[in-house]
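Chain naming follows the written order as A, B, C, D and E, and within any one chain the residues start at number 1.
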Amino acid sequence: MEFLGYINYWVFIVLMMSGFYLFLSARNLVKKIIGLNLFQTSVFIYYISTGKLRDGSVPIQTEGIESYSNPLPHVLILTAIVVGVASTALGLSLILRIKDDYGSIEEDEIDAQDVLS
Amino acid sequence: MSLLLDVLSWVLLLSGGLLSIVSAFGVLRLPELFQRMHSATILDTLGAGLVLSGLILQAGFTVISFKLFLVFLLLALTTTTAAHALAKSALADGIYPKGIDPEVVRAGLSEGLPGRQRIATDRARERVAPPASPQEDPPPQPSEEGGPPWA
Amino acid sequence: MYAATALLLLLAMGMTLVRALRGPTVFDRILAVNMFGTSTVLMVSVVSFMHHVTDMTDIALIYALLSFTGTIAVLRFVEIDHERREMERAEQEREVLP
Amino acid sequence: MIAEHAIILVVVLPLLVAPLCVLLGRGTLAWGAATLAVWSSFGLALHLLGRVLEEGVLRYQLGGWAPPVGIEYRLDLAGALVMTIVTAIGAVVLPYSFASVRREIDEHRHAWFYACLLLCFAGLLGITVTGDAFNLFVSLEISSLATYVLVSIGRDRRALTAAFRYLLLGTVGATFYLIGVGFLYQMTGTLNMEDMARILTEARPDGLGPVHSTKTVRAALAFLTVGTFLKIALFPLHVWLPNVYAYAPSVVSAFLSATATKVAILVLLRVFYTVDGKATPFDALPIADTMVPLAIVGALVASFVAIYQRDVKRLLAYSSIAQVGYMAIGIGLATQAGLAASLLHMINHAIMKGTLFLAVGCIVYRVGQTRLEGLRGVGREMPLTSTALVLGGLSLIGVPLTAGFVSKWALLQAVLADSHWIVAALILLSSLLSILYVGQVIHVLLLRKRPPGAAPIQEAPLWMVLPTLVLAIGNLWFGIASDQAAEVSRQAAEFLIREVAP
Amino acid sequence: MGVAIDIILLLFLLSIAFAACVTRNLFSAAMLFGIFSLISATLFVVLDAVDVAMTEAAVGTGVSTILILITLASTGYRVSPRPAGRQVLALAVSVVLGATMVYGTLDMPSLGSPDAPVHTHPIAQYYTEVSPVEMGIPNMVTPLLASYRGYDTLGETAVVFTAGIGVLALIGRRRRKDPLPIVEEFREGGANRHRVLRVISKQLIPPILLYACYVQAHGDFGPGGGFQAGVIFASGLMLFMLLFGVEHARRIIRPVVLEKLIALGLLIYGGVGLVNILQGGAFLDYRTLAHDPQHGLHYGILTIELGVGITVAAVITTIIYSFASHLRDHVMQRTLRLRQGADAAQTSPESGA
């Protein structure tokens, strides 16, 4: 079980790396937003795994169960998920406006138009 | 008595699981979209029914089993409608089931629609003349010329 | 018993996932996502019974609702995208003609 | 009763007047409500600064729960200092914004503009006052999201791409901060900053040494600093700042340039001193010898690039990056003198940059664009605005008797006390560069004649010129009677350092 | 047994993340993201985070994926034309990021180990033992969300409020005096084809909205609360909008009312805090609301959950309406242009011939 405990962390880190890679390498603005979301969701999975107790159960008080997982990370992540959605919604509405004004949502096409003006 | 219940729910659960394997296998291996849809709906109705009824037997006569029955009802209602909508969109998008004569499909398409939709079906008809190529890269479907047995 | 069912469901989800990744047309992917949603509903119900905490059926109910709304939304937007592509083609044809 | 709850009302008042602005609907009513809220926050902030100077740290338990369980507001002198800067700049910018917003933003967006300005204001104040690591993340997100909306609410199309890039980098910075807090939470089990600092010095569960020497806490420190560097726009990570300040509406760029970077630097101080203080972070991670060179190179490059800018606001944005570099040098020295110099520079830079951007806003109100060619000789026909601009420019260079000189001199003394000769020389070099680009602006505005056919321009409306002049005189006042501000920043630095030294 | 499920779910997540990085088709990337958040929600269930699983599924699959799809539909991008650039630099930076994180995990307590500081710190015992007794609420997450860290949730509601106002400011429709000419038959054509869908949805939408209210009130005993209820309510309205057209939906719930509701929810939440101050307690200290502290806590938590529910439902509905009407305006202009083009074509041949 000792070794397995660390597998989870390394998988979360690989997920974060792939999300961050997608965010950095994407030329299309929508794909950047998707990459950012992947990166954030894997950070949330890491947070929740810190609160898990090996034989603890769901933090809802029921008779006959003493050890519960720690509910604090759950509350933090409830906040962080909603913050993530708020910034995604803003990012996507910016993309819509950029598409209206620039006619494209490819990063280099937009830069080209900016350089001219 | 409880042993009988346990065995029965055990059987139901495992058969539901196996059924979902069959349905997923069908989705994976069947060559053509509409055949895959056919196999997908096995899981939605029967597979879910078996698994959930297995759980209901375990939960006995409580609120939980009522909720599980509600889940089954909802699943049965929504997944079938979703499958129907999916088929309609696929047809509107110009993907036709292979091996079935396009005329039959077009007749079916235009029957149920008010006259106003003639244009939509005409446009669909023009597109049927050239080989129907779906939006993405050409589908690497195995092109066994013989076609399905019923053709 | 629950674990066996959960593993079978997971195997089914795996196969649906392969179809989602490989699916040539967009409708294969929508089909796979829809099926994925349903098998997740079953997964959650089985896992909740495995953990002896039976409050999770609410989650299963919500998954079912959302996978339905999601599928309908995707289909509508695929349709709208298709209609707009039609119009673009019609526009190009009209510009070519005169 | 108000005094007892002052510490929470400062943040909550603007936070709750923002939805009121949306309910009021019309721009003028929203502006009135916003000005009232900001002015009352300004009054509360001054009251709190006085109380902190007498009683030291103020505490407030939110929800009535004791600190490690609930969230606690903890206001020390450095927080009170930055809070006063933010509320003062807000109090000056709000009356200014009435006319400027009417000219630059579409009519149906005014109520939403004021709501977002209040939210950004409340978010920034929340950061200065909070004692809880995760609550700082939430306040950071409130101010960042409100800033993205504020930047992109104008009519300039380039503001959209600037806001989008700022959104991406700001969210990445906030997520790095979140990862850092996650690592710290996993090693300490709590989110309250003081509780964290206490546990970091205790022994590890397996007793191999203090908690702060573990690899996880070092990685957490690295993530927190990189995330905050992104928010401060320190040299390699400054890419988003010039476009944001240049293409945002002038009210927004004035408010942001004077407050946002200061609050981000305060987050850095919280990470180095309040949370990780006792662990003397400066030897745990090579912070001192990465921060100072980055800041120096940043100051030089930014000043150099500023000379070639054709747009006044972009020029001022690059000079902001250089000034942030000076503050980072002060912190990087890890000495009390250095810290006091950077806190003092925060005050002076807020006033300098506020004056310059407000003056440019007046010019934009009359001329409509900020390209240097279009502004030839405008200064002659707008005397009051150009005097404010000249005062701000001189203070930016660091001419004696202005605020800029005082803080640069304090920084040089701190650097020389540590006998970093090269760093002192480079600071002087970048000051010389700043003479070039400020001189260029003043030359274009005052000495060049108006293009022949140009229409005559009158002075900007009273409600815009008055706040600009108030800040310009503030420049002078803090330059001459600078001992009070120096004393407050020295005490704040001394308190932060004393927290560290056992 | 849970370990096997855990490992398999992680394998699924890995394969989806790699597929998302590789694929150039944007629609498939969006749907992969949908599956990613669905699987992470299942992983949350396995990791005992029940409320988070509900929110992640409702928000990740329900809202984010739909918004991404609307953006793709209105910007008309299916395959991103250019291959991803700067791959080597991006790979290098993310590998460095991964390395620092792996360096960070070396001293971490292993997953679920009982002697980790997270579990041994006194507040962990406080939340799991004292709070159910003190508050009388079995679900430990709700009191923590609403009362112990109630200020975080106020900040979060403010974030949702900002997002709503931001989307309105960016792509909200100006209150036009003359409403757009509604080309009904164009929309009807599309929607009429789904008569089966419309009948079924008419049966489904009322239960969805009722279920949202159940989730809102059920926050104390099982997973649920303001956010999840708001999102489910908004997805019910979205279903209605999808099938009956945006114009029809806007006539049912007018956007102006939604804008006021957004502000109302946040004011309810803040108002409860101010009332606590007036009653003499600290900000957001609900014990002052009633004579018996526990009753006060219950009233306080229910009221702020209601405030949160109203704001979240109004904001997400406004966001989806703004996105959909922006998409519809686009398609509308194109139709009008096409129709004028078609009329011009008809007239010009006669004149030309």
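Convention: a contact is a pair of C-beta atoms (placed from the backbone, for glycine too) under 8 Å apart; a residue touches a chain by one contact, two chains touch by 3 or more.
Please read these numbers as outputs of a predicted model, since none were measured by experiment.
Chains making contact with chain C as well as with chain E: A, B. Each step here moves to a touching chain, and the least such steps from chain C to chain D number 2. Traced through touching neighbours, the fewest hops from chain A to chain C number 1. Taking each chain's centre as the mean of its CA atoms, D is the chain most distant from chain E.
Here A-D and B-C are compared, and the pair linked by more C-beta contacts is B-C. Averaging C-alpha coordinates per chain and comparing to chain C, the farthest chain turns out to be D. As a whole-number value, the distance joining the C-alpha centres of chain B and chain E reads 28 Å. Distance from the chain B centre to the chain D centre is 58 Å, each centre being the mean of its Cα atoms. Averaged Cα coordinates give chain A a centre that lies 13 Å from the centre of chain E. With each centre defined as the average position of its C-alpha atoms, the distance from chain D to chain E rounds to 32 Å.
For chain C, the set of residues that touch two or more other chains comprises 7, 13-14, 26, 30, 51, 53, 55-56, 58, 61, 65, 67-68, 72, 78-79, 85.
In chain E, 48, 50, 70, 72, 78, 101, 105, 108-109, 116, 118-119, 123-124, 127, 149, 152, 155-156, 159, 162-163, 166, 170, 197, 201, 204, 221-223 are the positions where the chain touches two or more neighbouring chains simultaneously.
Each of residues 134, 138, 141, 145, 148-149, 152, 179, 185-186 in chain D touches at least two other chains.
Inter-chain contacts, as defined above, occur between A-C, A-D, A-E, B-C, B-E, C-E, D-E. Those residues of chain A whose C-beta lies close enough to touch chain D in the complex are 23, 29, 32, 36, 39-40, 43, 46-47, 50, 72-73, 76, 79-80, 83, 86-87, 90-91, 94-95, 97-98, 101-102, 110, 114, 117.
Across the complex, chain C is touched by residues 57-58, 60, 62 of chain A.
By the touch rule above, chain C contacts chain A in their complex via residues 51-53, 55-56.
Put simply, chain A touches chain E in their complex at residues 1-2, 4-11, 13-22, 24-28, 30-31, 33-35, 37-38, 41-42, 44-45, 48-54, 56-62, 67-79, 81-83, 85-90, 92-97, 99, 105-106, 108.
In the complex of the two chains, the chain B residues touching chain E come out as 77-78, 81, 84-85, 88, 92, 112-114, 116-117, 120, 135-136.
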